[in-house]
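A, B, C, D and E are the chain letters, set down in written order, and residue numbers restart from 1 in every chain.
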Amino acid sequence: MAPQNDSPPLLEVRNLSIEFPTRRGTLVAVDDISLHIDQGEVLGVVGESGAGKSLTGNAIIGLLEHPGRIASGEILLNGKRIDNLSYEQMRRIRGRDIGAVFQDPLTSLNPLYTVSRQLVETIKVHTDLDTGAARARALELLEAVGIPAAKERLSSYPHEFSGGMRQRVVIALALAAEPRLIIADEPTTALDVSIQAQIIALLKRLCAERGTAVMLVTHDMGVIAETADRVAVMYAGRVVETGPVASVIQNAHHPYTSGLMGSIPHMKHGVNRLTQIDGAMPRLNAIPQGCAFNPRCEKVFDRCRKERPELISIEQNEVACWLYQSDVGGVS
Amino acid sequence: AEEFRWAGQGDPSSMDPHAAAVGTNLSFLGNIYDGLMRRGRDMSLQPSLALSWAPVGSDGWRFNLRQGVTFHDGASFTADDVLFSFERATGEGSDVGTWFASIDHAEVVDDFTIDFITKQPNPLFPNEIANWMIMDRDWAEANGATSASKEEPNFSRFNTNGTGPFKLESRQADVRTVLVANDGWWDTAEHNVTRATYTPIGTDATRIAALLSGEVDFVNPIPLQDVARVNGAGGFSVIEGVETRVIMLGMEHQNDTLHDSNVTGVNPMKDVRVRQAVYHAIDIDSIIENVMRGQALPAGLLISPGANGFKDEFNTRLPYDPDRSRQLLADAGYPDGFSLLFRCPNDRYINDEAICQAITAMLAQVGIQANLQTITVSNYWPLLREDDFDMYLLGWSPGGSLDASHPMRFLMHTPDPEKRLGSWNFGKFSNATIDSLVPQIVSEVDAGRRQDMIDQVHGIMRDEVAYVPLHVQPLVWAKSDNVELTQRPDNFFNLYWVRVN
Amino acid sequence: MTDTNTRLLYRIYDSDIGYSFRKSRIAVAATIVTLIYFLAAIFAPLVAPTNPYDLASLNLSDAFTPPAWVEGGSSKFLIGADDQGRDLLSAIIFGARMSLLVGFASTFLAFVIGVSVGLVAGFRGGMVDAILMRIADIQLSFPAILVALLIDGVARSVMPSDMHDTIALWVLIFSIGISGWVNFARTVRGSCMVERGKEYVQAARVIGIKSTTIMVRHLLPNVMGPVLVIATIQLAVAILLEAALSFLGVGMPLTKPSLGTLINTGQNFLYSGEWWITIFPGVALAILVLAVNLVGDWMRDALNPKLR
Amino acid sequence: MIAFAVRRFIQAIVVLLAVSLIAFVMFKYVGDPISQMVGPETPIDQREALREQLGLNDPVPLQFMHYLGDVVQGNFGRSFRTGLAVDRVLLERIPATLELAIVAVLYAVVAGIPMGVYSGLYPDRWLSKFFQTVSLIGISLPTFFVGVILIYIFGPTLNLLPTFGRGEVVHIGFWSTGLLTVSGLKSIILPAFTLGMFQLTLIMRLVRSEMLEVLRTDYIKFARARGLSNRAVNFGHALKNTLVPVITVIGLQLGQVIAFAIITEAVFQWPGMGLLFLQAIQFADVPVMSTYLLVVAVFFVAINLVVDLLYYVIDPRLRLDRAVAQGG
Amino acid sequence: MSDAPVIGPAMTKSGTLMRVEGLKRYFDVSPPLLNRWFEGRPRQILKAVDDATFDVERGKTLSLVGESGCGKSTVARCLVGLHKPTGGKIEFDDIVVTASGTDHFAQVRHRMQMIFQDPFASLNPRWRVFNIVAEPIRAFGLIDAGVALTRRVHELLDLVGLTAEDGKKYPHEFSGGQRQRISIARALASNPEFLICDEPTSALDVSVQAQILNLMRDLQDEFGLTYLFISHDLSVVYHMSDSVGVMYLGRIVEIRSAAEFFAGPLHPYSQLLLETIPSLENIGVARAPLAGEVPNPLSPPTGCAFHPRCPFANDRCRSERPSLREVNGGLAACHGVEENRISETQQL
């Protein structure tokens, strides 16, 4: 679903690479990836642990941690580059244009300040509201994220909330300045199963109401399936497949994606042996030449070991796999 | 209004003049209290509260007292106060009782005359009580300070009422004591000090820094090595003198075995040859030059030049002669030497620890391995009293009497607690002749006969090597050039000789 | 065997820590300096020009010889002689030996006590932990220097006095060691509480491994990281504390001087121009402590995953 | 809150009891007080009588009970050496030590925290490295050595500052302060600098490493993600979170400072408790020593109490009860 | 013992291997004494496991599911002796392991083993893999050190898909999935018949999870192992179990054969749990999230603990605690099911 009109996508990531200089050379953690998110769209980013999902998210809000750095590529918000802004310029964008929700609600809130203080502080940074008005707005936000008895809970400290409640507060904080994009990095992994659904539903509802786009980083395919409009599957720092959610899930092209789908235990498929992808994702310092997935791939052939595949459009999806490169023709 | 500030090593432990017969206290309190007599700059006895004194009858001394003297609180001074001070000084808790060992009783003759009746003739009595200070009976009784005892809350430990040139203005023990001039003093003041502040500073370096940075006008003592520095600093000068204190080595004379030695079952020190060997092993000139920085006199006697009974011809030392020393040891049966426990204070005498170290090294060169143990003085005396040593370092000053008999009574006479004799003779040196001579010397009035007996004792002392005298300790004071003051050989410092310009 | 050894050495060399070590010039320099001190201390009798303990060899007339390059100096006494005519360089080497001995032994003592207490408290928890930690609290309310002064004072009065100098070393080691165990105990306890909840400990318990074995074989190696850092810091602290005690007059005796004792004696000659007697031991001490601290500092950063 | 206070109080009492027991038992065996109390000439029988009279021959537990009883009544006995009531002597000395300790810690805090924050925020700048280096030297130099050298430099050589004592003091009630006179202020500079140097280093290093750690936490990252200004993040969020451990250490250090003042006081002849204690040790002045110990312990306990309360103010998590925190 | 069988005895017997009756494990989490005195706070007992009764069939897998904090791990720990049960009886192969007075645990200890959740924390980072795997063998004295031991460890490593060479490495040199394999090798080292697996894959990526789950099933088939499998992921449970027990706040609320359970759970909580499983089929269809918060286990609701979140709760549910009753071949603790208010077919 590439943008049909002329206006640029809300967010566009072009050929982004992120690297870590180490003593044994530079590790490329995110390797030349491109993504885009449209207004109000939910982009799911899935992939195994270490695939580079969080780094991508952090790079977008300009919070890459030292010594990680953007090696190349551009990040554009509404067509304007934001990857080369100064700290101060970027600060204005953070919270106001791009909000963030991190994985662990236990540690995302400053334990020493009340919830209201943290909310008011955030609201005041981005708006002209005075303290009173900011408090009123804070209360509205808490009510919006479904905190019961929000008025009383305003002056509570983070530790007085349960995990689910805390994540609601975090979402409220991320939405405080009505950003147009939220980067949600595994917002539910630390939460209980029964709460996860609540939080995802909340996030989805709020963003839909406000027309906020979401980049939802997760490794839970189920969450993606029910939430995302489009999916990007990452493997070893690269996007291997991207496309509309239904198409990626039901009609995966990349051997990794299809393997991934197969390895998820399905309730409705009977108790069969799970499809398994042998081996593990390579470490950054040992990413194989060519297609990073080639050592684990059942359909590997020579070219995979030598050349790196680029994303090409196959049906609704874009896939980075030599199988679908028409000039050579795959094994299939 | 002249302010004078000075610093010393330690603080007087009490403001009670009878509480401790310690130089620090007596020297300091001498500014507040007067005695019947006082010592002049040359140590000569001079009238103070007593105008004159003379033997009365065969066994006594009569003191004619000064009239018109008042205590700081305005009360007038009479013979009764002297009697009271005598009772107090010989009473419980007093540390100065030994000064009156020869006194049987005192009799007030009239308001300004008092007799002290001795048990037997004591020609030295006035000398012995030169540091005795007179207190006011009424004041003491009114304030419950009739005894010098330490443990009760004793008013006199923190308050004074003397007749002396200075009054106690304020006192913070161990921190600072302030004196102000007594305008009503009976003597005409030689000093021009109106206010004097004393600060004890324990650390040598800090004390000297205080002088050099102008925070005090006078310090006592300064380390020997800093003499040149003070003299060279400009605006400061060092006053050096010879103290009456003789530094010596004591040895174990009686025990049959040593405390810590590789020879067991025998006490080599009982052999006079061994004691001589120790004597010959010591290069006193090197010690004086290097440790004492040339500022001490070698000593051959236990008294210093100037003391009553001192004779130069007896003041010669056995020469430094390590070979002879080794020979003597071999003769005595210790060709390979032996080891012993050598005790030494580390904060009592000038450079005591360094002296002992040097001696240890010198003894090692002739084969005597001294196991040197240095310790703070407050723990040192108990060890000596417990006989826990083989050899030790001691310094002796003949107190107020400045007489040759003083060290004889304390250091040479066989220990006799009854008669309070030999009480510092830790090595239990014992010689019958000396024991019989000492009482005679003490009571002999005829100077010639007395000197003969003293010489006899000194002869025995040296032949027997009862002690190994080392040197006479120097006095090293330092002052800023704008003050004039007088150093007395007994290391007493008198404010009434101070002039601030 | 040598093969495994070299492989181990290579592994250490090649590890992250080895790398961060090689990269930090300061750490390398500090380690070299520390090593030099150690070697000099261990081989003092071979390294030092003279034996400063041999009193018979001292000559009082050598006293106060200034350093060789100063006027009046003698090549016999490279950095001068002290007030007893002792070669200062030898005295410093032997003094460093004493300081290091006291430092090491007391740190080891503190280590043994602290780690044992910490292990037991952290592993057992509950009452045992509460009691041990209260004891640690009480110990903490006696600052190290007080503890050391106290123990020293007590030892001196309880022991027969002619043993003072003989036991001075042990008393110092004991008193400094005792005053330093709490840090070890607290750290170990903290790490232990974290570690004992980890599943590898439970896995060991499931197969019925005895508690003491678990503590020693499983927990101990895993809590050693921070302990090493503390040990280095404690070593520096112990050396300084020993020097301070010597300054207060309860340290090593003059006949077996440590660096602190040397400074303390030398201090008396600062004003009289014989500065070398105190300055050189002072500088020697400062460099030693600095080097140890630098090593500790580097180790703290290198071993702290949160900081790298 | 009450329970918290009571628990703290009981702990304090236990600590104090333990301290007094240790103090008492230890000092029971230090030196021989009698030989300090009487002159060297006093005969044995008088010594024995005094020993009996002072209760030094009673069984030890009885002596301890007596001691405790006295302490509770505010009677700490009399100094063997000076005969003064110990509480009075110590009370006289407390202001000197406290002023020294507080000035030292204040200086350490005032200089140490900004230095630590700076080098935590900008670990790679040369000034941070400079601070780091200087601070390491600060903890590597023996205090007494520094003191001696400082005296040498500022006293006789430059003649700038007083080198001993407190200078003029002003009495306000029982308190004597040197902070109100010029000479008093000048006098405190060198000793406070010497004493505080070590603390400064500690505080600086601690703040730095805490800062580095806090800056890596999620809530700081999240605060940045919310678009808060650098200032608000660094000082509003990060610094406050570093304060909890820093306050503990400062609290503990104040106790340490009071004890380490012994050395500084000895070098600068500062008329505080430490000097008194040192003299007391030398003279085996048991009452002074044990009371000093008690006083230090009381300070320590009091400081700890204050620190705990400060925690309580700073860190809301502590206001919550353990069980509830777990259950939620 | 060098001729010890390479693999545990393949159990041919059938029947109950582990029988748990009325298992209780309480924790005293009372506030400190002083708080109780001064703030009038009561003693607080956390009933982590309350009255759990179940059997595990030989060679079969029983799964326990439930939200975080419902007591799954506590059950597991009681079984392997990490916790001493507060009450109840545990029988292993007809040996009473825990009952008042008797303790035959040492007898059966080597016959059961545990696999833990966190592959990063469950291996001692300072030990070589060889020693980690050999530890149980040594602890139980199964094989004397030497060649036999080495051979045995290599066999075990091989069994879980690692190589003998891997034994020389340290855990940090392995990926999460490989570490979990090492855990399994260690667990198999003492030839156990019964393996307790506490969320063995929840820390792993799905692709790796599949490897581990497959391996576990292979091992079960090969050696007739019995599993108690703990998970909060119902799709994994579905894949692994023969029967399923659902826990809520320390109690077992439903226990049935897996087939029946997944065909139609009885207890409303089970139904809700099943609902929350994200499905890859229903793309874009939001799950109906289970409302409400996980209750505080310290003050569990009266009556049926689930009633505040239960759409079918009535007054009886609020006041009377249901006990496990036989329903349709399984057991369920629900008044609604008992009263037929809720049928298994009724979907929410």
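Rule of thumb we're sticking to: contacts are C-beta pairs under 8 Å (C-beta built on N, C-alpha and C of every residue); 3 or more make two chains touch, one makes a residue touch a chain.
Note that this is a predicted model, so its numbers are computed, not measured.
Colleague: Using the contact definition stated above, find the chains touching both chain D and chain E.
Modeller: Shared contacts of chain D and chain E: A, C.
Colleague: What chains touch chain B and also chain E?
Modeller: The common neighbours are C, D.
Colleague: Compared with chain A, which chain's mean CA position is the farthest off?
Modeller: B
Colleague: Tell me which has more C-beta contacts between its two chains, C-E or B-D.
Modeller: B-D
Colleague: Counting only Cα atoms for the centres, state how far chain B is from chain D in Å.
Modeller: Centres of chain B and chain D (C-alpha means) sit 41 Å apart.
Colleague: Roughly how far is chain A from chain E, going centre to centre by Cα mean, in whole Å?
Modeller: Measuring from centre to centre gives 32 Å for this pair.
Colleague: CA centre of chain A versus CA centre of chain D: separation in Å?
Modeller: The mean C-alpha positions of chain A and chain D differ by 53 Å.
Colleague: So what's the Cα centroid distance for chain C and chain D, whole Å?
Modeller: Spacing between the chain centres: roughly 24 Å.
Colleague: Mind pulling the chain D residues that touch 2 or more other chains?
Modeller: 31, 148, 152, 156, 216, 266, 284, 328
Colleague: Name the residues of chain C that each touch 2 or more other chains.
Modeller: 156-157, 267, 270-271
Colleague: In chain B, what residues contact two or more other chains?
Modeller: 205, 208-209, 212, 376, 379
Colleague: Which part of chain D faces chain B closely enough to touch in the complex?
Modeller: Chain D residues touching chain B: 31-32, 35-44, 50, 53-54, 78, 81-85, 89, 92, 148, 151-152, 155-156, 159, 162-165, 266-269, 271, 275-276, 279, 282-284.
Colleague: Give every residue of chain B touching chain D within the complex, in rising order.
Modeller: 13-14, 19-22, 95, 97-98, 150-151, 153-154, 157-158, 172-176, 199, 201-203, 205-210, 212-215, 233, 376, 378-379, 381-382, 417, 420, 423-424
Colleague: Contact residues on chain A for chain E in the complex?
Modeller: 48-49, 162, 164-165, 192-198, 200-201, 204, 219-223, 225-227, 245-246, 249-250, 259-268, 271, 273-278, 280-281
Colleague: Can you list the residues on chain C that touch chain B in the complex?
Modeller: It comes out as residues 54-56, 58, 60-61, 63-64, 83-85, 156-157, 161-162, 164-165, 249, 253-255, 267-274.
Colleague: Sort out for me which residues of chain C touch chain E in the complex.
Modeller: Contacts found on chain C: 198-200, 202-209, 218, 221-222.
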